[in-house]
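Every chain is named by a letter (A, B, C and D) in the order it is written, and numbering of its residues begins at 1.
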C-alpha cells in the first residue's frame, strides 16, 4: 500500500465546489507545492479552510486572488490586505473563527464528533446566531465540527504508508487537518524508509493519510520572509 | 522553577473527597508508585477516573479494595472481578463510559471546553438521561467535560520543567489527563537535563505539569504479567 | 481479556478450537491490502495467525497502536507494549504509537476500514449485542461501541450458537445493543452471511455444514440465493 | 503582525518608542518565576527585551511553541520557526513544539499564567475591545479572544490614549468586545491601574506623569488611594 505518488495524480481528484483544508500558520507548514498544483489544476468555487490567507501573492492568497475561492473559513487576515479588500468588496465570503475554536472545530470533525460546547466569545458578537446550551451550570455556544473533502498538508518527513513528522512551528494546523478530510494529501520534504521513524515520535499515523508527495526542490516561497526578520 | 520533588511532598496536598485521574491502560502507563503513596497517605471518599481498575490487588484496585474510593468513572472492568463484585454489592458506585468517550471527556476538560456532542451510543441504553441535541441535521448526546483535582500520570522521561515523553503503549490516557487536572503529578522513570529532549518529540509540554517525581527503582508491579503472555 | 479464557479452552476443547480457527481463516480473506483493521478479543485476534502480511495491513489497537503484528513470547515481551486485550505484542515496520484520544479519533473519524468483533446476539437488520447481560455480566463497554458503530465495515466472527446451543442470530436482539444496524457480515463455523438492506443473505456454506443445519441454527429469516453457494 | 509597523515607528518617533519601552519594562515586573506567559503583538512583545531570564519563564506562542526566547537575526532565522506574529525566533532550553489544538487547550485549560495584550478600549469593569473597528478594521480575531478570556491574569499594555489623543480607558467600551470583564491590570506610559471589583484602582504613577494628567486622559472613574503612590 504505497501511498507515494506524483503531484498531479495527488490532486487530480479535486473538483469544483469542494471544501479544501490547507495547513500552515504563516509560511511554516503551508503546502506551497500542493497549492501551486491546485492553481494549475484550475478547480473553482472552492471553500477554503485555513488559519490565515498567507500574505498577498503567496500561498493560498494566489488561489483567492485568482478567483478560485468562493468562501474562506479562517481566523484572521491581518497580514493580507489584498484578501481583506476582496472581502470588503464582497468578492469572497469570509467566516472568522477564534483561532483555537477553528482548530478545535477541525479536530472535532477529525474525531468523528458532531460539535462541542465552549464559552469562548459567549459575551461577544461571535455568539450571535449560535445555539446556546447550558451543561452542568455552564453556558456555552454550540460549535459545529468542520470536515473537508480534501486536506492539503505539509510535513518535514514521511514514509510510504503515510506516517508523518512535522518540524518546529510548521506543525500548527497540520495534524488536526490530517484527521479531518475524506482525502488527505501530504507533501513532505523527504520520504524515508518505512520503519525508520521512531514510533513514539510520529505525529500523524499513516492511517490518516491517503497520498504522499515528495518535494524535490523547495520553492522560494518556503524560505525566509525578509520583512519578518525583526532584529 | 524546578518541579522535581519527592513522592510524599508530591501527593501531600490530596484531600478526602477529591477527584483523582489516574493514567494507564493495563500495566503500561499506570503510575504504581504514586498509587502506592496515595494508599499510604490515606485519603478517602475519592472519585477515581481511570480507563479500567487494573486487576485485583494491583494498581488502583488496591485503593478500591481498601475502601478509599466512593465512585469510579471508567470504561470497563472486564479484568477485575473483585471490583465488579464490589460494584454489584454496591460498595462502590461505577459510571461506565465508552472508552473513546471517556478519554474525549477528559481531553474536553483539559481543553477548557464545556462538553461535546457525539452520536456514540445514541441508539443504546447509554443515551438514557443524556441531553440530546441536533446540529446540522445530526442528532447526538451531549457529553460533559471531565476534570479532576489531581491527575497522577506515568511517563518514561521528564525534565525539571515538566516536559514529558511517554513510551510505546504506556502513553494511552496519560497525555489527556495531563491537561485536565488542577494539579498534575507525573512520576517518571528518569529525569534528564532540561534542554536535552527533542522539542519536536515532547508529548506533554511542561506547562501542564506541576510536580515531577523520579522513580528510583521500578516496583515489581511495573513488570511483565505472566498471565498475559499469550504465546 | 477473554484471550486467556480462550487459550484455556484451546487446551480442553479441540473441536471448538477448530471451529474458531476456521472462522478466523475465512475472516482473513475479507481484508484488502493496505487496510486499517481492528481485531476484537477472542476469535478476531486469531485472525493474526492467518494474516497474509504481503497485504501490508496495519492492525490498530485501541490503546494507541497502529501496526501491531502478533502476540509475542515471554522472552520478547516488553512491559510497555500490550494490545487492548492485555497481551504482549510485537510490531511491524512503520508502526506508530499515539494517545487514546487520537486512537478513537481514528475509529470515529472513519479511518478504520474493518473491525472484527464477537457477538452475543445479532439481528436481521444487523443490530449487535455483545457487551452486557443485565444482572449477570456488566463489565462495561470498553471501546466496543465505537468500533461497532464507526468502523467502515463491521464483520462479526462468532460461533453460530451460544454455549447452550441457542442461535446467536435472531430476528431481533434481546440484550442491550452495542449499536444498531452496524453489522455488515457474519462469519461463523457454518456460514458466511451478508447483512444487506435489513436482510440476512447467505453467501457461503462451510464444507462441514448443510443448508438445513444453518437454517435450523439461525433464528431469523435467511435469504438463500438460487444456485450452488460457494463452500469454505 | 503589527510588529513590523512598530519597528518602523521606532525609527521615526522616538518619543512613542520611549513610552512603549517604559511600559514593557514595567510590565516585565509582573511576571513571577516559572510562569507561562503569552505576549501579544506590539508592546507586549517588547517585554522580551527586558525579561529577566533567571525567572525561567516560558513564553507561549499560539502557533504551537512553549519556550520562545526572542526575535532573532537573519543569520540564525529558521524558515520553520516563527512566533504567532510571524517573526523569526530562537528558543530557551526546554522548549517544546505542539499543534494548534494543544496550544489552545493550554490557554483555555487554565495553564496560561499571564497574557499581555494591547487594547483599543478598556472599560471600568475590565471589558476589552481590541480586535475590530466595524467598517474600518475587521481582520478577524485570531487567538486574542481566547487569550483575553482564559489567561489566569490579563494585563493590558498600551499607550494611555489613542492616535487621536482620545482616552482608551472608558466607562464602557463602544467597540465590539474581545471579552467581558477580563482585564486584571492596565499598564500605560502614565499609570499602572488594577481592575478590582468592577472598579479601576490607580496603583502607580509614572515619574513623568501627574495625577491630574492621568485623570484627564482617563474617561472613567479612577479610585485613587490615600497617601503617596509609588512611581515607576
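General remarks:
We take it that a contact is a pair of C-beta atoms (placed from the backbone, for glycine too) under 8 Å apart; a residue touches a chain by one contact, two chains touch by 3 or more.
Since the structure is predicted, the reported quantities are computational estimates derived from the model, not experimental observations.
Set against the C-alpha centre of chain C, every other chain centre is closer than that of D. Look at where the CA atoms of chain A average out and do the same for chain B: the two points lie 32 Å apart. Per-chain Cα centroids separate chain C from chain D by 57 Å.
Note: centroid distance chain A to chain C, computed from Cα atoms, is 36 Å. Chain geometry summary: the mean Cα position of chain B and that of chain C are 29 Å apart.
The residues of chain D that reach two or more other chains are 97-98, 101, 104, 107-108, 150, listed in rising order. Within chain B, contacts with two or more other chains are made by residues 104, 107, 111-113, 118-119, 166-168, 171, 199-200. Viewed as a contact network, the protein chains fit none of the simple shapes, being neither a path, a ring, a star nor fully connected. Pairs of chains meeting the touch criterion are A-B, A-C, A-D, B-C, B-D.
Against chain D, in their complex, chain A makes its touches with residues 25-29, 51-52, 74-79, 84, 87, 94, 96-101, 103-104, 106-107, 118-121, 123-126, 156, 166-176, 203, 222-231. Interface of chain A with chain B (complex): residues 104, 108, 111-119, 131, 133, 135-136, 138, 140, 142, 144, 165-168, 171, 198-201. Within the complex, the chain B residues that touch chain D are 1, 107, 109-113, 159, 161, 163, 179-180, 182, 194-195, 197, 199-200, 202, 205-208. Of all residues in chain C, those touching chain A in their complex are 33-34, 36, 55-56, 58, 60, 66-67, 91, 93-98, 101-102, 104-112, 150.
Of all residues in chain C, those touching chain B in their complex are 1-4, 7, 61-65, 70-74, 77-84, 86-88, 97-101, 103-104, 107-108, 138-146, 149-150, 176-180.
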